[in-house]
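Okay, structure first, notes after.
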Amino acid sequence: MRNVVAIAVNVIKDTARKKIFYVVFLFGLVVVALAPLLPTFELGSQASFLRDISVSLTSLFGVVLAVVLSVGQVPGEVDKRTIYNILSKPVSRVQYLLGKYLGIVVSLAAILFVMSLEIIVLLAVRVQVFSPVIFQGVFAVFLEACVISAFCLMLSTFTTVPINVFAAILFYFVCHMKTGFLHQRLVAGSMNGFLKVLAGAFYYVIPNLENFNISQQVGYGGGAGWWYMLRVTGYAVFFSAIFLLIGYATFRRKDL
Amino acid sequence: MRKMWRWLKARRFKVAVVAVVLVLLVAVALLQASMDSGVSAHPAVDQSSPYQTGRSILDLLGGVRETLAAYFWTKTDTIFHVYYGHDVTKEVPLYPYYWMITRLDPHFVMAYYYASYMLGEFGHPDAGLQLALDAVRHNPDSALLQENLATIYFYFMKDPAKAAYHGSKAIALAKSADEAHIYRFFQNLVEDVLAGKRKMPKTIPLSDVLRLNPDKD
Amino acid sequence: MNGKAVTLEHIKKTYRVGASRKRRAAVEDLSLEVGYGGIFGLLGPNGAGKTTTLKVLLGLVFPDSGSGTLLGTALGDRQAHKRLGFLPEQPYFYGFLTAEKGLALYGQFFGIDEGILQKKSADLIEMVGLPHDSHLTLDKYSKGMLQRFGIAQALLNDPELVVLDEPSSGLDPVGQKEVRDILLQLKDDGKTIFLSSHQLSEVENICDSVSIVSAGRSVLEGKLSELLTVEGLTRIVLSGEDARAREGLSFARSVEQADGFTTVEVSSGDTYRALEASRALGMELVSAQPYHRSLEDLFLETVKETSS
């Protein structure tokens, strides 16, 4: 555990050094400062709209962040050979991978927490509303980012950075787009038995990232229930575990 | 059997990984099924909606602005059906989305169509007219937007002459006889009002269907 | 200590190379043993398989076949790494760390107490001659400074076995001498050192035993002094370049005169005869010792034989 934490802390320091934290913080300051200049709509609930859009945009940002933090972890260290100094010490490869993932997750949590505070302030400044439900929406974004990070970290154990980025983008779109299409047309529809089984397997095996999209509940519905949040957290944990396990299986005997 | 056992033993790590992954997949499948069956993030899309909305997913394939516009469009669909019970008298909160879409993609005809009329419906007829004129400027070949402008002139600005002008343009631009036939209903009403055969309707129809054919039950 | 610090038995490692993904052997059939204590040198031309051998030893690369032990435990056992220090060739470290923070990070992996670690780090930084600027990050270090830091991090856990790949790489002559002194001090402290180097002079100066690797095999192994000693020959060095020496020492294998010295090579049996003859000529004796060839000669000879 000590080794995992040491590697994780190193990842966080590296992330902080890359000034990602400061960019987010500055971005938030700029957004809040410009809040009075945002357009006023003649109609509609501005608070609901802003809640929904803020969480949606944070989701997009969270995905980009997850990819940026994860894709270069292992290939970067192999190319720079800094990995030799770690794995020649009494650090196992599983500790190394878990340490990397923990560092990425903590970095994501910190950045997204700051962003949720910025959204809260924006809402307070713009529409004089205090919406703690934003934390729930951003937590769901965080869970999605964790799954994507695990996926990218898994790929980074055996592919290069450009392929990893491309695969991550494809993964994001496939896992967001397939929900309605598959579930409505094939799983619940009138296809024959074999195709239904195949479609069902496909539907359940690929992560449904739409589960983490609760921007509309946050915007209009007062948030998702605790039971839903518990299940979606479990969903994120299990899928992250799957990706990390596969990543370790490929990394375990990789020649460095 | 023994041979198989030896084979498995030689690959015990890989076998263990596969086994754990399968167990985790079963767990996530159960969670997914549980989330699908309950009240969850995405209730089923209303199959009785008169307009096809899922079509915009195809728009995700091209252009950042168009992509964002399409993204906002799909949001309005879910919000309208889930949170406002397909009730057009309650869809005011969707206006910001339609406005945003028109800024992102000036060729997104449906967004202009809904947004400009909503402005008129809910007390901002001049703003609605401006938006409708903008729409026609950006999309001069759109029969629907000409029709939209006609209905705004008729119901909100109380100007049947201009309504008739744009109504006839809509019919001329219609891409099919069926489409022209739909616009004909409204044009007949306008011409009747201009000819003094009918009075200007007092109530403003809220639904799309009634807007174009106020005599429909 | 009983047993061997390192044993490798019939290690084979191949890689797939090229578009055809054909297998190419980096290490063909390598066996070697390194006892505890002393300095062991692994020599070989480029592409001989030295770095691959070190990586196999450290669990960074997995051999296709063969086995080995490291500090008495099987290869791959992480426990042995607690007693091991490693310096890779042309090492890179996390550039955003300072020397102290870098040592603190690596020290954590050994579970060294923070207070002890701080003291150790300061001592090691002093020992390897690094600047005490706590603001200077590793990405600002020169190649030589990185090499020194690399040695420091390899010694952090007071290892029993220190594995070094090209330890003098990037160092100036002063630095090389300092590294040499450090290694000799470590040897005096009872540590075992396993180094891979191209610098034959460095190896010749400090190694007790060597293994010469060529084409993925160990072709020659043994104590350096024994390998370099040519049996049955004595080299006598005399002061002066007396013209009569060639005649007076005509029984010698060779008589060479240069730079004010006369060097005579005789069979061991003729050593005293040569000494008598040189005394008769009035030439002063400088040294008389069994004939040693240079490591360079041995290396080139061995590699040439292998390639032919």
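We just call them A, B and C in the order they show up, numbering each chain from 1.
Methods note: contacts are C-beta pairs under 8 Å (C-beta built on N, C-alpha and C of every residue); 3 or more make two chains touch, one makes a residue touch a chain.
In this text, all values refer to a predicted model and were calculated from it rather than measured experimentally.
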Chain contact graph, described as a line, ring, star, complete graph or other shape: line
Top-ranked pair of chains - ranking by C-beta pairs in contact: A-B
Whole-Å gap between the CA centroids of chain A and chain B: 29
Interchain centroid distance [CA atoms averaged], chain A/chain C, Å: 49
Where chain B and chain C are represented by their mean Cα positions, the distance between them in whole Å: 76
Chain A residues within the chain C interface of the complex: 2-3, 6, 10, 13-14, 17, 80-82, 84-92, 253, 255-256
Chain B-touching residues of chain A, taken from the complex the two chains share: 39, 41-46, 48-49, 52, 56, 173, 177, 179-181, 183-184, 203-205, 207-208, 210-211, 213-217, 219-221, 224-225, 227-228, 231-232, 234-235, 238-239, 241-242, 245-246, 248-249, 252
Chain B to chain A touching residues, read off their complex: 13-14, 17, 20-21, 24-25, 27-29, 31-36, 38-42, 44-45, 54, 57, 60, 71, 75, 78-79, 82-83, 92-97, 99, 118-119, 122, 124, 127
Residues on chain C engaged by chain A in the complex (per definition of touch): 15, 55, 58-62, 78-79, 81-82, 84, 86, 88, 90-94, 96-97, 105-106, 108-111, 153, 163
